[in-house]
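One chain, subunit A, links the two complexes that follow: it is found with subunit B in the first and with subunit C in the second.
This part shows the complex of A and B:
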C-alpha cells in the first residue's frame, strides 16, 4: 500500500476506530437554478466506526444517509471535514494513492438489477475490479534476520508492512524459503526467487510461473463459492439470476479486492423477506470470516436492529442520535428517533401502541430550517414560556399555519404566478380566510361546526374561527392573518416566528451524551431546564386521549 | 316449486372472486400467474393479500380491474361485484347481456340444475372448487356453497341452454345481483373502474398526468362521476384534497404533480379515487416507495376514509408489518395459489401453512435471542404447469411423500368457529390421521379441467 498509510504505528491500529469522521459536510451545487442554495446533503457529522463493527445508518429519503455512505468511500467528494481511514484523511487522496486506497473500501448497492452490467458474465463482473487494480500485485515481504534494507525486483513489489504480503521470503539457513498467501491459488513451487546479499542490503528478484489471469479466475471461483453461488455460474448473465442471486454477485464483486470496510447501501431493500434473511445471514458470515467493518445503510429498522452493533439516525444531513442498537431502540432519547420508531408497522396485529404520526414531509435540504433540523415537524418541540400550556389544537394550528406560510414563501414563483402577478391577478392569498378557517377550527371549517357564515365578513369569520383557539394565542394569530390579507405575507411569517419560536427554531442543539455507553442525542430537550423526550411524549399522548 | 336458497351468511360480500385463473401465454410456456383462487371482500373490510414477488398478488388485482396485458388473459373463474349501482348502470346500458335472476328462479331449481349437470358429467370445478362431481346437489345448495347466481356466473346456465353465454350482468331483486366483471367488455370495464372499483398503484405518477394540475385531474373525475361542474367541482376538489390531509389545499389544487412530494402525490391519487365514489379500493403496494413516517400517514388516512365511507379495501403488500396494521382478513399467496386465508390475528398468531410460518419466521426480530435469521430454502417456482403436487414441496421443511403427488386444496383449519381460517396443505385437517387427510385432498382435488 501507499506510504502515507504507514505513518501510523501498526500496533495502535489494532484497536482504535477504522473510520473516523470529523465535521463532514457534503453539499451539491447542482440545483440548476442560478444563485440557488446548495443541497446540504450531509451537514456536519462526527462519528467513528470501530474495526469489525457494523454501524447502521437510518433515516428517511433526503436525510443524507446515502450521500454520507458514498462520501466515506469517496464516490462523492466532501465539501468540508475529514474522513480518517486508519488515521489517513482520505478526502485529500488523489491519483494512485486514491486508487490504491479504494481497494480497502467498497460499496454494495441496493438494486442488484441496475448495478450489474448486463452484457458481462457473472465471472467478468466479479473479475473486473481485479483487472482494474491489476490484482494480485505479488507483494513480497522479506523476512531477514539481519534486518538489512531490502529491494524487490522482477514480478514482485515490496510489501507494505501493514498488509499481508502475497509472497513471503524468509532468509534463513541454507536457502530462502518461500510462502504464498492462501488467497492466491498457487503454491510456492510456482515462485522462483533469487537473492543477492550484501552486508547492508538484500535484493530479491522474484519470478512467478503462474499467470495473473489464471489466479484471478481461481479467485473469482472462490468468491462465487464464498457467497453461496456455484462455479458454473461463472459464465451466466445477470438476467438469468434471481434478485437474491444478483445481490450475491454484487457482494462477491465488492469483496474481490479483499477490502477492510464495506458500505452496504440498502443491500436487502429490494428483496423479498425470505431472500432478505439469507443475504443478511451471508453478510454476517462474511464479516466474521474476513473481519470486515460495515456501514449498513437502510430504512428498514427491523433489519438494522438485527444486524447492527450501533446505529446512527440521520435527519436532514445531521446525526440526530447515535448509540448502541438495542439501547437506542428500546429507549430512544431523541424526538426524531422516537417518532421514526413509532411509525414502523409491527408485524403483530395485537400490538396496540400509541402512535405519533408526524405531520408533513421533511423540508428540502436546500433550505433547511434554522435551529434544530427537525423543528418543523417535531411533535414535542419546545414551546416558548408564554404558550407552554396552550391546548394541543392551538399549538397544532400555529404549527400548521407556519408550515403553510413557510411553504408559500419558499415556493419558487412559477411562470403561472408571474403571469398572474403581471396581469394584476390574484396569486393565491385571496382565499386565505378559508385557509384560516381550515386551520383554526376543530372541524376544518365554520360550516362543519354549524356556524351560518352567510353575511359574515372576513374579519367576523376570522374572529369566529379563532373561538376554537386558546385566548392567549388569538391576538397574534389574528394579526398574522390580517397581514397576509394585506399582502404582507413575509411580515406575517416573521410575526408568527417571533411570537411562537423557542430555542428549537433559533439555535442549533448540541450533541448531548445520553447514556453510559456513549450514546449521544442532538436535541435541546436534554438541557436540564426542559422535560426530557419520554416525558414530553407521554404528555403529548395523554393529552390526545 | 322449490324455494330458492339464498346465501345464509350475515351479509353477502361486495366482491366475490371464485376460482379465478389468469395465465400468460408465451411461446415457451403457459404461466399460471393466478391459479384458481377464491376469496371475498365485504364492505368496510380490508382484505390484505401478501406474498413475495411472483406470487401472483398484483396479477390478481389487475385481473379484477380488467388490466391484464397481453400475453395474459383471464381463462377461468368469475369475479362477482355486487354493487347495486354498478349492476343497474350496466344493466341499463347492456340489456342484451343482462339476466334477471328472478326469471330464472321462477322456472328452475338450482339443485335440479346441478343434478342435470352431474348426470352430463359436466366439469363442475368452476362452481366452488374441484370435487363437486359427487357431492349431493341438495346439500350443496342448502349449505350455500352453490347458488343460482353461481350457476349463472359459472356459465352453467348457458351450458344448459337457459341463458345467453354473453350475459354477465345479473340482476337480482332479492340481493341486488352482481356483475361478473370477467365478462365485461373494455367499454363496460370503463364504467366499473373508478366509480365501482378504483385502484391505487405503488407509483402515484402512473395515475397522474404531468401536464395537468392536480386540481384539474380531480375535477375531471368529479365531473365524470358526480356530474358537478365549474365552481362546484372546484370546491369539491378542494374538499377532497383537505379530506386526504393535504395542507393548504386552496393553493395546492392549482399545482402540478411535480410540485408535490411523493407522499402528497399518493394523497392526491387517493383524492382522485375518492372523487369517483368507489365502493372498493384496490391498493397495490401504495406505501412501498414511501418513507415510514409518510407510510404511517397514508395508512392512517386510508383507515379514516374507510371508516367514513364504509369502503371495502383490498390491500396488496409484501410487508407483513403493514398487513398486520391495516388488514382485517389476510390471503397468503404462493406461486399463483392462495395457500392460506384467515383473519389477521390468526394468520400472525396461529399460521397453519408451512409457507406462512416460514415467511413470518424470517422477519428480523421474531426471535431476538437468535443470531441467525431463519430462512426458507430455495426460490419461488414459476407456476408453469398444472399442479398435481404441492408447489411449496421443494422448499417445505415438513414435506412428506404425498406432497409430491397430491395437490392440496384449501381446507378448514379454524381454531375458533368464526375464524374461517383455511390452508392448502396436506397436513390438514389436523384431526385426521395423515393418510386420511391426504385422501381428503386427493378426493377433493381430482377432476377440474385445465384451461
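This part shows the complex of A and C:
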C-alpha cells in the first residue's frame, strides 16, 4: 500500500467514499472458442461506499451480486469500467502493486466448509496472509520536531505517512522515546533505536529483538480471541469445528492483514439460524472496533435490513435501486424492489402492501432483454398507448407469448437444429396450437371452459381461444400465430415486439433520483409522463380483485 | 496465558522438555544402523558411483568425448577407496558373514559355509535375517512416528490420523504393503539374498572360480563359474536339470533351480531382475506422476488454453499404439547412448513415463479441477498468494492421494510391460537380468522338468502386480471412507494393464 499511496496524487480525498465504482462490467467467457455470447454477470453498475458504512447488496441468485463483490476485491477482472479505492483505480493494478493493495480489501466467503483448507491447522490458515505479506514490516515513523529529512535503516523501513506505523520514534526531549503499535505483541523494550542527528537530516537505525514469526503467532492468537475463539484452537483442524466457528476463522483470516474494506459474500447464509445472529453481531462489533467498511452481499432481506446502512438491489447485472435501508424497505420505488419486498412476509400485519408474484424466471445473463433488464417480468411494465386499457388477462397473455418466443429465439441450438436450419428443414414448434390455447384462455384450456374441442380444426381452436382476449389485441395476435404456424417464428416475434413494445423494452432507463437522501431507481416509471410505481401496483392489485 | 507459553515452543524445545521417548527411539535407530553400517555405506557408494557413471556417459555422449577426464578419474578413484572402506565396515547380514557357498567332502562335512551348515540352511538363515532386519527397521520407523504423535506433536488430531487408522484396518491393503515391501527388499538386498552374486552369476562368469569336490578324482577341484554353469544348466531332460530346491553337481544350492544355458542361478537372476523391474517401474511412474501432477494442477488452475493444449497433447499420445511405439523406440535407440544406459532400462522407463502420463493426467484432472474450485484457492488469491505456492499448498495435498493410488496401480502395468517387451526381445538387453527374459528362455521347456524357468518368474510377476494393486486399493479406501467396503475392482483406480 505504501508505494501505492505515494504514487497517488495528494488529492486523495480522505473524506470521499472509500470505494467508488464507475460503469463496471464483468463478463465471463468473452471471446470463447466460437465467439459465443459472454455471460454479462455485471453489466454496468455505478455506486460508492463511504468509509465505515455497510452497503448491502441483494438480489436473486444469478443477479451478479457475487461477481460484483468478487470484482471489487479483484478476484475477477473487470471487463470495463473502474473501481476506485481511495482514488486509485484498482482494476489497472498488477504485480506487486496489486499484491500490496490486496492487504486493504479482503473477502469473507459464503461456505465455511469450502473456504478453509482442511489440511491446515487454524493457526496456519489465519497466518498464511501474514506470511505472504511478510507482516509486520516494522514501519518506522519518526516524530521530529525540527522536521528534518529522515532515513531509516536496520530491521525497519520508513513508514508511509498515511498509515499507522508499527514503531514510532519521538525525537523530542533527552533521548528518543519509542512506541509500538498495539497490534504487535511486543513492547518498546524489544526495540533498539540508535539515532544520529545532523543539522538537516536524521538517520535512525532500528533493531527488533523479537522475531517476526513470534509476532505473527501472537497476532493470530489475538485474532482468534477477537473473533470469539480460543487460543488453544491454534493447532486444531477445520474438521474439529462447527460451521459458525469455521466462519469465525474465515473472518479472522480476512482481518489478519488489517484491511479497510471487507466484502462479506453471504457470510451467514450457510449457517444455522441460531448461529447467524451471533456472527452478525460479531461482524458489527468488528466493524466498530476496527472502523471497517463492508459490502454485505445477501439474499436474505431481513438480515440486510438488520445490518446495512444502505442497500443496493441487483437484477441481471444492474443495480435497480440503491438507497438508505429503512427508506428503501418502507417505500420501495423500483418495481423490482417492490416485487422483491412484497415476496417476504410482512412482519407488520397492518401494512397494506400486498403480495406480487413474479412470473417466470430471470432471463439468462447471456441474452439479457433489451431496454430495462426487468422488462420481461415486470408486473407494472409500461404499456404502449393503444393497449393501456386492455384487461390484465390479455396483457399477461401477450407477455407470456413474447417470453416464449424470445426464449425460443435465444435457446441454444444443437448441431441437429443448426443442420436442419441450414437445410431449410422445419425446426418449428410442434404443438404450438396447444401452447396458444393454454396462453390465451383464461382457465388454461378450452376444455376447462366447457368448450368441446372435438371436431375443431386448429384455426377454429385458436379463434375460440382468442375469444378471451380483448378485441383490441386480437388482430395482431392472430397474425402472430399464423406466422408461427407458417414457421416464421422470428418474424412473429418481431411483430409482437413492434405492436406491444413500450419504452421499457426499447430504451435503457436512467437512474432517477427518487428521494432527498440520494436514493436512485432504474426505471422509466419515474419519468413524469408515467404513473409512479406505487400507483401502478395499486391499480394492478385492485384490478386483480 | 499459560497456554500461550506451551504453544510457542518449537519442536526442539518440546523434545528438550521431555527427552525420554525421543532418546529411546534415536538409540534404537543407532543400534539398528550400526548393525548394517557396511551395507548402508556400500549402498550409498553404489548409488553415488552409479550416478557418477551415468553423468560420465551422458557427458561422453553429449560432448562426443570424455568430459574432464582428470576430474572423473579422481572421482572414480575416490569412489573406489570409499567402496573399500565401506566393505570393511561391520555388516550383520552380509554374505561374507554368513557364506553359503562351499563344497562337501565325502565325510559329509561342508567346507566354506557358515558354521559348516549345509548351503541351503546357510542361505535360508541369511534371507531370514535380511527380511527380519528390514521389518524390524520399518517397525522402528513406524514407532518413531507414533512416538512423535504421542509426545511431540502440537495438534492432537490431524486429518492424516484418520487415513492412517483406516489403512491400518484394511487387510487387503496391508497384504499389498507386505508384498511390496518383500519385493522392494528383494531388489534392494539382491546381492545379499541371492545364493550367488550378480557379478559371478551373470556379468562376469569367466572371472570367477569356484571350488568343488570331484568324486572322480576324489579331490577338491577348481572350475570357472562359466563352465560350471554350462554343465548345470537346466535343459529340460531328467539328467540335465537342476530344479527347485536342488543342488547341482558343483555343490551349489539353487532355491529356484537354474536357467537354461548358460545355466545361471534363477533366484539370483530374479533378485537382480527385481532391481531392474523396480527401477524401470519407479522411474517411469515418477515421470508420469510428475508430469500428470504438474500439468493437472496447471490446467485446473488456469483452465482455458492451458487445458486445451494438454488435452491435445495427451490425445495425440493416447492415439498412438503404445506397445508399437515402445518397440520402435527400443529399436531406434538401441545404438544410441540413451538406449545404452542400463542396457535400455532408462530408455524404457522414460518411454513408459511418457506413454503413461496422459492417462494419469486424465485421472488427476477431475480431482484437480474440483479442488481448484474450492473457495480456499480463491481465498489464497485474495490475499495475494503466489500461484505456484497456492498449487503446492492448497491443491497438491488433495491430489497426492490420487497420485499414490494411480501410481501404485500403474506400476504393475509397467512391470508387466517391461517383462513383455523383454520377452519379445525388445526392452532390456542381456546380460542385465529381466524377468521377462527368464520367461522367454523357459518357454520351450514348460512341459519338461525345467518348467520352473518360466513358471516362477511368471508367478512372481502376478504376485507383485497384485500386491501393488492391493496397496493402491488400500490407499484409496483410506483416503475416501465412502468407498470402504465397496467392490475393490470398481471405483477410482483402473488396474494396471499391459503396456
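As a working rule, the second predicted complex is superposed on the first by the 506 of 545 C-alpha atoms of A that agree within 3 Å, B and C clash if a C-alpha of one lies under 4 Å from a C-alpha of the other, contacts with A are read in each partner's own complex, and residues count from 1 in each chain.
Convention: a residue touches a chain if its C-beta (ideal position, glycine included) is under 8 Å from a C-beta of that chain, and two chains touch if they have at least 3 such contacts.
Keep in mind it's a predicted model, so treat the numbers as computed, not measured.
S.K.: For A:133, is the partner it touches subunit B (first), subunit C (second), both, or none of the two (neither)?
M.R.: In the superposed model, A:133 contacts subunit C only, not subunit B.
S.K.: For A:363 in the superposed arrangement: first (subunit B), second (subunit C), both or neither?
M.R.: The answer is neither, since A:363 touches no partner chain.
S.K.: A:107 contacts which: subunit B (first), subunit C (second), both, neither?
M.R.: So A:107 only meets subunit C here.
S.K.: Looking at A:81, would you say it contacts subunit B, subunit C, both, or neither? Reply first, second, both or neither.
M.R.: The answer is neither, since A:81 touches no partner chain.
S.K.: Looking only at contacts as defined up top, I'd like to know whether subunit B or subunit C touches more of subunit A.
M.R.: B
S.K.: Which of the two partners, first being subunit B and second being subunit C, lies in contact with A:239: first, second, both, or neither?
M.R.: second
S.K.: What is the contact status of A:117 with respect to subunit B (first) and subunit C (second): first, second, both, or neither?
M.R.: Only subunit C; A:117 stays clear of subunit B.
S.K.: Considering only touches as defined above, state whether A:317 meets subunit B (first), subunit C (second), both or neither.
M.R.: After superposition on chain A, A:317 lies in contact with neither partner.
S.K.: How about subunit C: which of its residues touch subunit A in the complex?
M.R.: Those residues of subunit C that touch subunit A are 3-4, 7-8, 154-159, 374-376, 378-386, 393-394, 397-398.
S.K.: Going by the contact rule at the top, pick out the subunit A residues touching subunit C in the complex.
M.R.: Residues 70, 73-75, 98-99, 102-103, 106-107, 109-111, 114-121, 128-129, 132-133, 214, 217-218, 221, 231-232, 234-237, 239-240, 250, 253, 256-257 of subunit A touch subunit C in their complex.
S.K.: Could you pull out which subunit B residues touch subunit A in their complex?
M.R.: 52-53, 242, 247-251, 254, 259, 261-264, 291-297, 299-300, 318-325, 327, 344-345, 348-349, 358-360, 362-366, 371-376, 379-380
S.K.: What residues on subunit A touch subunit B, complex-wise?
M.R.: So the residues of subunit A in touch with subunit B come to 60-61, 242-244, 272-278, 280-281, 284, 299, 301-303, 305-307, 339-340, 342-351, 355, 357-358, 360-361, 400, 403-404, 407-408, 411, 414, 416, 428, 431, 434-435, 438, 444.
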